[in-house]
């Protein structure tokens, strides 16, 4: 079987390099294109020395590409938010048969008015938004299989949606009292050089940010409301942890219709019994980010609060894998008709 | 003025060594006694090399002490929980005039039945419990001044109580919907050699623990109920952050009686306007643990949630200073009649 | 082809769990036995939760095993130093056809007198020492293929020997002026609960240890002397870095016989041109541990010192992979006749 | 006694903020001026929130200042290298009586030709260079007392010079075989936003940099040659440690004239017996950076190598304190006639 030819746009960032890491070990693909505008002309090893031992295409600039004749089957777009809508519109204009898995936020919101509200500018490719499928595989798997454009979800949102959507859909929890207290490693902030992300600013400290207003809320609203059949908004506070990889969401819910914490656990256990990348821990155990590091797994746990009827749910994933590039490869596998777990089997790296 | 003679019981642990660090720079005290049973006979520099340049008493065993003739004015008891009740009873039996600031949990719960329930054994000095004062200075200052035995609060509890007690006392928040999501650095776990606390287990990861049952809840119940004039229990989840020092509590509350998040902020700002060690940030800013590291400060911030009526409160302190030994020295200053901030003026160490 | 049946003795430690991580993705093996005396009866997931999603044998005690009928093809012995000699003698006594890759130090020194001197007790299986092969694959590959007992090298030693042995063998450097300044992540210290290895002791600090006397010196002496054809001893100082994984050796050498730093680089480049797990960087670049994290690669670099004739060599590997369990799997592949890189293809995890 | 009025130029960087931290607790000074060109108009708390509780002057731009009438007694110049020569020349032109402690490298090299060679441009204030005194207090104390312009040494250089200068001056070690392998925390790289200094790039890894060419070599050459009375150049390799503060230099030397490692230790012990900020550990113990964190101490240790005649020396200081701002305050104390240790008494913060 011929290997699919794959491009990674934005290969000098962390989600781009993580795509490369995963694709290098995927048996059915060939990395045929790597772009990085500011590093165009350089070897990938100059940007990410861990790839020194591998043969990889040189980094090129997006602008130099001839999409009609590139011969690519699929591209991962790991470009900054807000530039991607134009880029993908351009690609499809030149080559309607290519597939795109977009890791930016540009196509995640089905409602372009919501997009404009959260992102501060009009959507630049509203006609493409209609065909974009929200790429949370465990929820939208069937629609993803036939998609040309998959909008890979945000890292905080995957981590929060995987435990909450089944509980919302089952009408098992009070929709007006959900609190999501989320904690992320620093790679979630990307590779752009910012003072606040320097080692010396971040190490040996902890803080919340984006309090009361974080763009991932828009995705949560969309997916939770879809699952509930009514508008749902939740309290969501992100925090930064002095570690590279991992998100832990600690979620506070109240069971309704007599649902105990044990019932909530049972719903999740049943829902994810045959999912390869969502693992529900025994009742009472909450997950640790370190145990999913580098893998495409999500670990979910449910425990009883001491206040009757309330449960505390923990959800952990690696923000660069299941929270970004691993999920993107999972989406690619669906789009290209490969086994869903292909190339994603690596075990977590702990310690 | 003669310097007070001070002893530190349990000087080989972190709260003990932190007492020594602070006392070395306190102008009105002399460190006259250091105990550490397993390290008895050693110099303090063998246990904590940072003290190499200083003249300090040799470590001795508790059992060898003659309390009646020790000449001490005050001792800090930084001993393991559950052994302290007996030790302090013994001290007072031999020397009724000595003062004690206890950093363990042994005298924090006024209700000895609650103590037995949370700690799994009967209180061993119930007659002393009656005179023990809960040493959260900003709340119980006047009672502390006259106390012989001060029960220094837990680190999580100081961090949670300082922002919440004024709001509870003002009847400004819904008492049945308080969620405290707390995150602590690793020194909170102490210096005992445990597999789960090894660098390789902790680094580059994040997790909750003690979910649904943590002993600091008992203190929260006591102080919140006292402030409210009725029973209050809150949801409380502690987490471990891969850093040495610092606690951040992210607290979710709902204003009542028309109290907006801005009103809650105003209550705290007014309440703490003249406190030397509690600083309320401008509305909308939440604190970072790194900005109080090594200092006796608590930083508190209040922000608006996007759900109307709800506020998100952040509270940060250094668990070894305001959360333990700094507060203990503050208590000592009150007990001995010194200016409250004496020896506690060091500025936070950042970066 | 039937999969080889593999046992891991000491699966509750870091090198044991790292064997499990690698073997889980090796296509030609089945993990058939896991031992851990103190955790016997538990599931592997209770000891290392990252393995929760996988089917693995329950942990058993070494003492309960019937080696004659265990059906294993090969065992990895990841047991504490000094207990392994007896254990392996017992295994071979019951089952002469099993193969053993030993990750301890017990069979690394061919000279049992040197063993006694460095380890403080007589060798307990001197007759087996004669057949043990020192498992630094790139140096002893052919002898390893036929071995029944392979002594996997120490992490510091692999990191130092890979760059130095070719230079010594080529008579290119002064043998009396070699300084190896080595820095290791904390997993090198193992999982035993020791105060000095606690997060709070290790984080945010750096130090040398074992100065002037570290047991890995004995291995260096053996292999360097073997390569030189005369006695060679080097200055070696290990340090601890507050990170989990990785060793960097910074090595100071002086070229002889007119050999410039560029010449030394050329020797290494040529020597390792076709090795899958040793990668020599372009002249002037030194390696970083983060770029080999989680992979079986060694990165080596050579740069010019400003003092004429002197070169500074950097060598980096992941102490748990190429420094321990990855090399052990590489040895297993040789012993079992598999392709040498099988199961070891994972790309480094950075960031 | 009136307090001296002090300015800090470049208060938005780490060495500037560290000056502020120390000066806030110095009894004889008043912080009267803070500059930060890009943050001019902001409060110090917006740039460094740890100063929120303190009254500090607003940040102003350098260009707006009237040096003739500023009323300052002394300024700390914590400005970027290469801009400082002009700034200080301008200050002295307007106000010849002000004192300056310069934390940049601009006045450290007495030889302006060496300056031009190492820094790539002509010295811009050669007439001032003549009066500048190299501010390594323990070596040049008497000349500093009368100085108007003190060039505060580099962090690596203080750490290397304090142990080596006495040994060189005593003709106790071979001058042609000195290897300094130095490791620094990340604050040494400053606060400028650079990709290579991001948390995610730095955490969980270790590497050398500036191999064979680092500007601090120029200072080492100057001071070692001065001490030796002949040209001395040493091998020097800096490394980056994933921690905020601290430098450890591991130094390899060979005793001459029959000097044993014990003799070298005795020389240092005697030399620093009455120095308040240099502490020599017992023979055989090497220092750890964590034990000097946040303090102005240097810890030095000497151990025996296993190669006869060779010694391994460790030297540790906090790069922001004794390596920069603490030494600067020590210089200020000398220049202003205050007790040398005033304001510098804080004990190291460990853990």
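Going in written order, the chains are labelled A, B, C and D, and every chain counts its residues from 1.
FYI, a residue touches a chain if its C-beta (ideal position, glycine included) is under 8 Å from a C-beta of that chain, and two chains touch if they have at least 3 such contacts.
Because the structure is predicted, anything quoted here is derived from the model rather than measured.
Comparing chain pairs C-D and A-D by the number of C-beta pairs in contact, the larger count belongs to C-D. Chain centres here are means of the Cα atoms, and by that rule the chain farthest away from chain D is A. Put simply, the C-alpha centre of chain A and that of chain D have 45 angstrom between them. Note: centroid distance chain C to chain D, computed from Cα atoms, is 40 Å. Shared interface positions of chain B, defined as residues touching 2 or more other chains, are 14, 185, 187, 200-201, 203-204, 242-245, 287-288, 290-291, 293, 350-351.
Across the complex, chain D is touched by residues 14, 17, 21, 24-25, 48-54, 187, 203-204, 244-245, 279, 281, 287-288, 290-295, 297, 299, 320, 345-351 of chain B.
Contact residues of chain B toward chain C in the complex are 14, 185-187, 189, 191-195, 197-204, 242-244.
On the chain A side of its complex with chain B, the touching residues are 177, 179, 181, 183, 185, 200-201, 203-209, 211-213, 217, 233, 235, 237, 239, 241-246, 248, 250, 252, 284, 286-291, 293, 303-307, 310, 312, 314, 316, 350-351.
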